[in-house]
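Here chain A shows up in two complexes: once beside chain B, once beside chain C.
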Partner chain A sequence: MFGKYFSVLEIGYRQSVAYKGDFIIGSISTLFRMMILAYIWTAVYQNANTTVINGRGLIETITYIILAQLIWSVLNTNLEVLLGFKIKKGEITRDLIKPINFPLLIFLDNLGFSLFILLVQTMPAFVIACFMFDIQTPASILHILFTLLSIILAFFIYASFSFTIGIIGFWAQNVWGISLLKKLIFNTFSGSLVPLFLYPPMIQKWIYLLPFKEIINTPLVIYLDADLQMILSLLGRQLFWAVTFFILSQISWMYLKRKIEILGG
Partner chain B sequence: MSLIEVKNITKVYKIKPSKNIFSLNKSATKVNAVDDISFKINRGEIIGYIGKNGAGKSTTIKILSGILLPTSGVVTVDGIVPYKNRIKNARKIGVVFGQRSQLYWDLPVIDSFCFLRKLYQVDHDTYQQNMNYFDEFFSLQDLLDRPVRKLSLGQRMKCDLCAALLHSPEILYLDEPTIGLDILTKNNVREFIKKINQEKKITVMLTTHDIEDIEHLSSRIILIDQGKKMYDGPITGIQKHLTRKRLIKVVTEKPFTQVLENIEQPNIKECHANFVIDLDQNSIPNVINAISGSNVIKDITVQEPNLEQILFHYYQQIEK
Partner chain C sequence: MYYISLYYTAFKYNLKSLYEYRFDFWVGIITLMIMQGIGLMFLWVIYQYTTALSGWSLNEVVFIYGFQQVVHSLYITFFGNVTGLEQLIKHGTFDCYLVRPAFPLFQLMITKLNITGFAGLIVSIILLVYSVYRIGLQLNLAKFVALMVFLTTGVLIYFSLSLIVSTCAFWLTRTMRLQQLIFDFSEFTRYPIDIFHSGLQLVLTVVIPFALASYYPALFFVKEAAFLEISLKILGGTLLFYVISYRFWRFGLKYYHSTGT
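Showing the complex of A and B:
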C-alpha cells in the first residue's frame, strides 16, 4: 500500500538526479546566499552599535537567516510551472491513465525533488555554513521535533498553495507570471530573505495575519526559543492554513478535472 | 454482458476563441468529435478502430480510459463506468498513445518499469514472468539500461508496449501504435500484439489509419468518419459490403486489342492486361468469354482489392 506512494516519490527523486547535473553550482549558490545575508546582517548590527534589534541578538538573526535559506531552497520548487507544463503539453493524460490520485502524484513527485535538493544541494552548503558562522543550537530535543513537524506542515502548505496557483495560472493562461508573483510575495513576507522580526512592528502586525510567514518564519520562531504554549499556538495556526490551502487545492483540482474531462487533455 | 459496452456516446468539444480583451465576441465553435457511437466488445477480441485523421479515434480511447467525459451516452468497461471510477478502471487497462510515451524521458527504461511495478503493486514473481515473456520476444535486455531519450522510435514503442502490459491488464488500448515505425518494427509490434491477445487473452482495441495493421491483426473492424460509426463487422464484410470489385490480371497469347465493356482503368501492355471490374455490372465468366472469343488466355488471376484501396474508394463515396 505504502509502496505505491513511495514509488512516486522515488521517481521524482530519480528524475531530479537526472536533470540536476549542476547540483554543485546549486550548492555553491545556496552557500553564497547564506554567506552574503549573514555578512549583511553582521554589518547592520555593527553599524547600529547595539547587540539587540527588535529583541533579537546577532546570533539569533544569523541562525534565522541560514536556516531560512535552508528551508527555502528545499521548499522552493517549481510545482506550479511543472503543473502548467503538464496541462499545456497534454502530458497529464499519461498521469491520468495511472491508478493514483493526481494531486497526490504531483505532491509526492515534488517531495522527491525536494528531498534531492535537501540531500545533495542544501545539506553540504548548510554544513559548511555551520563551520563559518555561530549558529544557535536548539534548546531541547523537543524543539527539534516541533521544528521538523512545523517544516513538514510548511511543505504541505507551500505545495498546496503552489498547486492552486498553478491552476489559477492555467485559468489565466499565464502560469509563468503568476509563479513569479508568488515567489516575490513569499520572498517578502515569509522570512526567506529578511527575518520578519526585523520589520517595523506596524508592518509585522499585518504580515502576521497573512499565511506566507507559515512556511519559513513559523518553523524558525519555534526553533529559536518559543515556549511550549507558543509552539502549540503557532502549530495550530499552521494547521489552520494547511487545511485551508488543502481545501483550496482540492477545489481547484475539481475545476481542472472538470475542464480536462470536458475540454480534452 | 460484453466486456466493453458503449451506448450512444457523443463528445462535443467547445473551442472558445482565445481569451483576449480585444476579441469580445464570445461565440464558441463546436466540434462533434464523437457522434452517437455504440458498440460492444467481448473478452478476447482484437478490434481495429479505424478512421482518417480527426475521425474521433483518440477521443473514443480517452473516454474508454476514463480521461474524458462523454457529452452524452454511457460506457461500461467490465461493469465500471471509466470516467466515474477512473482509478479502479486504470488498474484493469493498459494504454499506449503512439505519439506520447509514458516512460520517463531522462531515465533508463528500467527505472520507469520499476516505478510502474510499484505503482501497480505487481508482485515480484509476476513482474519477473512478464519481463521474461517480453524479453523473449523483444530482447529488451540491451535496452533497459539506456535513457529513454536515446532509444529509437521503434525501441521506445516496444518498451512502451511492455510498460503498458507490466501489470497484466485485461484490456489494452493502443492509439496508433505503429505510427512512424519502419516495416520490420511494425511487423514485430503486430506479431507481439497478436501473441499477447492469443496467449494472455488480453482484449485489444487499436486505433490506426494504417490498413495493414488491421489486415494483420483483427478480424473485426469499426470504421468511423467524422465521429460517426460507418461500419462494424468483419473485414471481409466491409470488402463485400462496400465494393464488389475485382482486380483481374490476364496474360494472352496475342497482343491485347479488345475493347471490353464496363471496365475501369484498363492497363494494357502487349499481352498483359490488368483491369478492375465491378461484379454488379459484370461477371468474371463474362470477361473470360469476351476475351477468349478472339484470343487465348495463357494465365489469369483474380484478386480482391486490398483494404486500403477499398477504404480509399469508400472515403471518396462519402465525400460525394
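Showing the complex of A and C:
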C-alpha cells in the first residue's frame, strides 16, 4: 500500500544524488549566510554595548540565526517550479494516470529532495558553524522532539503553500516571478533574514499577525525557551495553518484537475 | 576603431533585443526594487540598536552596499556573458568565435546584454546617488573622476575573477556552480569587512579580492583614508588580477581542442 509512495520518496532522493558536487557548493553558501548574519549581529551587540536586545542575549540570537538558516535551506525547495514544469511540458498527464495521488506524489518527491539537502548540504554547514560560534544547547530532550515536530509541520505548511502557488502560476503563464516573490516574502517575514524578535516592536506586532512566521520563528521559539503550555499552543496554531493551507491547496488542485480534463489532457 | 564600431553595432542590437522582452524587463525592475528594498530594510533594522558598526554609520554602510551593487550590475550587464563559456564549449558554438576575425574574448563579452543586470544597474545607481546625498559627500571633479576609476577597477575585479573561473571550463565540464561559489564571497563585501574575522578580511582583500571593489573605495570616499595608499592597493590589485586572468585565459585557449560537434 505504502510501498509505491516510499519509492517516490526514494526516487526524489536518488535524483538529487546525481548532482553531489552542486550540494558541496550549496553547503558552503549556506555556511556563508550563517556567518554573515552571525558576524553582523555580533557586531551589533558589541557596538550597542548591551548584552540584551529585546529580551534576548547574543547567544540566543546566534542560535536562532544559525538554526533558521538550517530550517530555511531544507524548506526552501522549488516545489512550485517542478509543478509548473510538469504542467507546461504535459508530463502531468502521465502522472495522472498512475494509481497515485498526484499532490502526494509531488509532496513526497519534494520531501526526498529536502532530506537529501539536509544530509549533504545543510548538516555539514551546521556542524562547522557550531564550531565557529557559541550555540545554546536545547533545554531538554522534550524540547528537541517538539522542535522536530514543529519543523515537520512547517515543512507541511510551506509545501502546501508552494503547491497552491504552483497552480496559480499555471494561470499566470510563468511561475518564475511569483515564485521569487513568494521566497522574498517568506525570507523576510519568517525569521530567516532577521530573527523576528529583533524587528522593532511596532513592526513585530504586524509580522506576528501573518502566517509566514510559522515556518521558522515558531520552531525556534519552541527550541529556545518555551514552557510546555506555550509549546502546545504554538503547535496548535501551526496545526491550524497547516490545515488551512492544505485545504487551500486541495481546492486549487481540484479546480486545476477539472480544467485539465476539459482541455482533454 | 574596428572594435569600437563592432561594439557599437552589438550594443545597438542588444538594446533592441532587450526591448523585445520589455515585460520581463519591468518584472525584473520591480523584483530588484523589492530585493533592494529588503536589503535596505535589513540595514535599517540593524541600526535600530546601534548608531555605528565598527565606526560605520547607516548611510555609510548604504554607500558600501550601493557601490557594490553598482559594480555587480555593471559586471552582470556588460561581462556577465563570460560565464556562459561552458555552454559554448559544450555545444561547440565556441568554434564559431575562433574563426571570426575578432578576439574571442571580445566576442564573448558583446554577445548579450543581460536584462536583469541592466534593470539592476538602474536601481543600484539610484541607491548609490541617494547614499552620496545622505552622507553629504562633496563630489568635486577630482573625486568624481576617482569614483569613475574605482567603479571601473571594481568591474574589472569582478570580470577577472569570473574569467578565471570561466576559463576552467576548458578543462572542467561545468563551472556554473564554482562561479556561484566565488560570487558568494562578494556578499560579504556589501558590509564593512571590519566586522568579520581577520582571516576572512585577508581572504577578501588578497585571495578573492572583492573588498577592493567596494569596501576600499568606500574607505577613501567616506572615511577619507589616504588616497595614495588606497589607490595603490586598488589599482595594483586590479592590474595583478587582470593580468593573471588574461594570461590564464590565453593559456586555456591554447589548450582548447574542439570536440568537433
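Of note:
As a working rule, the second predicted complex is superposed on the first by the 260 of 265 C-alpha atoms of A that agree within 3 Å, B and C clash if a C-alpha of one lies under 4 Å from a C-alpha of the other, contacts with A are read in each partner's own complex, and residues count from 1 in each chain.
Everything that follows uses one rule, which is that a contact is a pair of C-beta atoms (placed from the backbone, for glycine too) under 8 Å apart; a residue touches a chain by one contact, two chains touch by 3 or more.
Keep in mind the model is a prediction, meaning the values are calculated, not measured.
Partners chain B and chain C, brought together by superposition on chain A, fit side by side with no clash.
Using the contact criterion defined above for the overlaid structures, shared-chain residue A:Arg94 touches chain B, although it does not reach chain C. Chain centres taken from Cα atoms put the angle at chain A, between chain B and chain C, at 90 degrees to the nearest 10.
Contact with neither chain B nor chain C is seen for A:Gly236 once the two complexes are overlaid on the shared chain. When the two structures are aligned on the shared chain, A:Gln15 is found in touch with chain B, with no touch to chain C. Using the contact criterion defined above for the overlaid structures, shared-chain residue A:Val44 touches chain C, although it does not reach chain B. In the superposition on chain A, contact is made by A:Phe6 with chain B only, not with chain C.
By the touch criterion stated above, A:Gly55 is placed in contact with neither chain B nor chain C. Of all C-alpha pairs spanning chain B and chain C in the superposed arrangement, the closest lie 12 Å apart. Only residues 1, 3-4, 6-8, 10-11, 14-15, 18-19, 90-91, 93-94, 96-101, 173, 260-265 of chain A touch chain B when the two sit together in their complex. Within the complex formed with chain A, the chain C residues making contact are 27, 31, 34-35, 38, 41-42, 45-46, 48-54, 174, 177-178, 180-181, 184-185, 187-188, 191, 195-197, 200.
Against chain A, in their complex, chain B makes its touches with residues 13-14, 18-19, 59, 62, 65-69, 83, 86-88, 90-91, 93, 95, 97, 100-102, 104, 106-107, 111-112, 114-115, 117-121, 147. Partner chain C is touched in their complex by these residues of chain A: 21-22, 25, 28-29, 32-33, 35-36, 39-44, 47-48, 50, 53, 177, 180-181, 184, 187-188, 193-194, 198-200.
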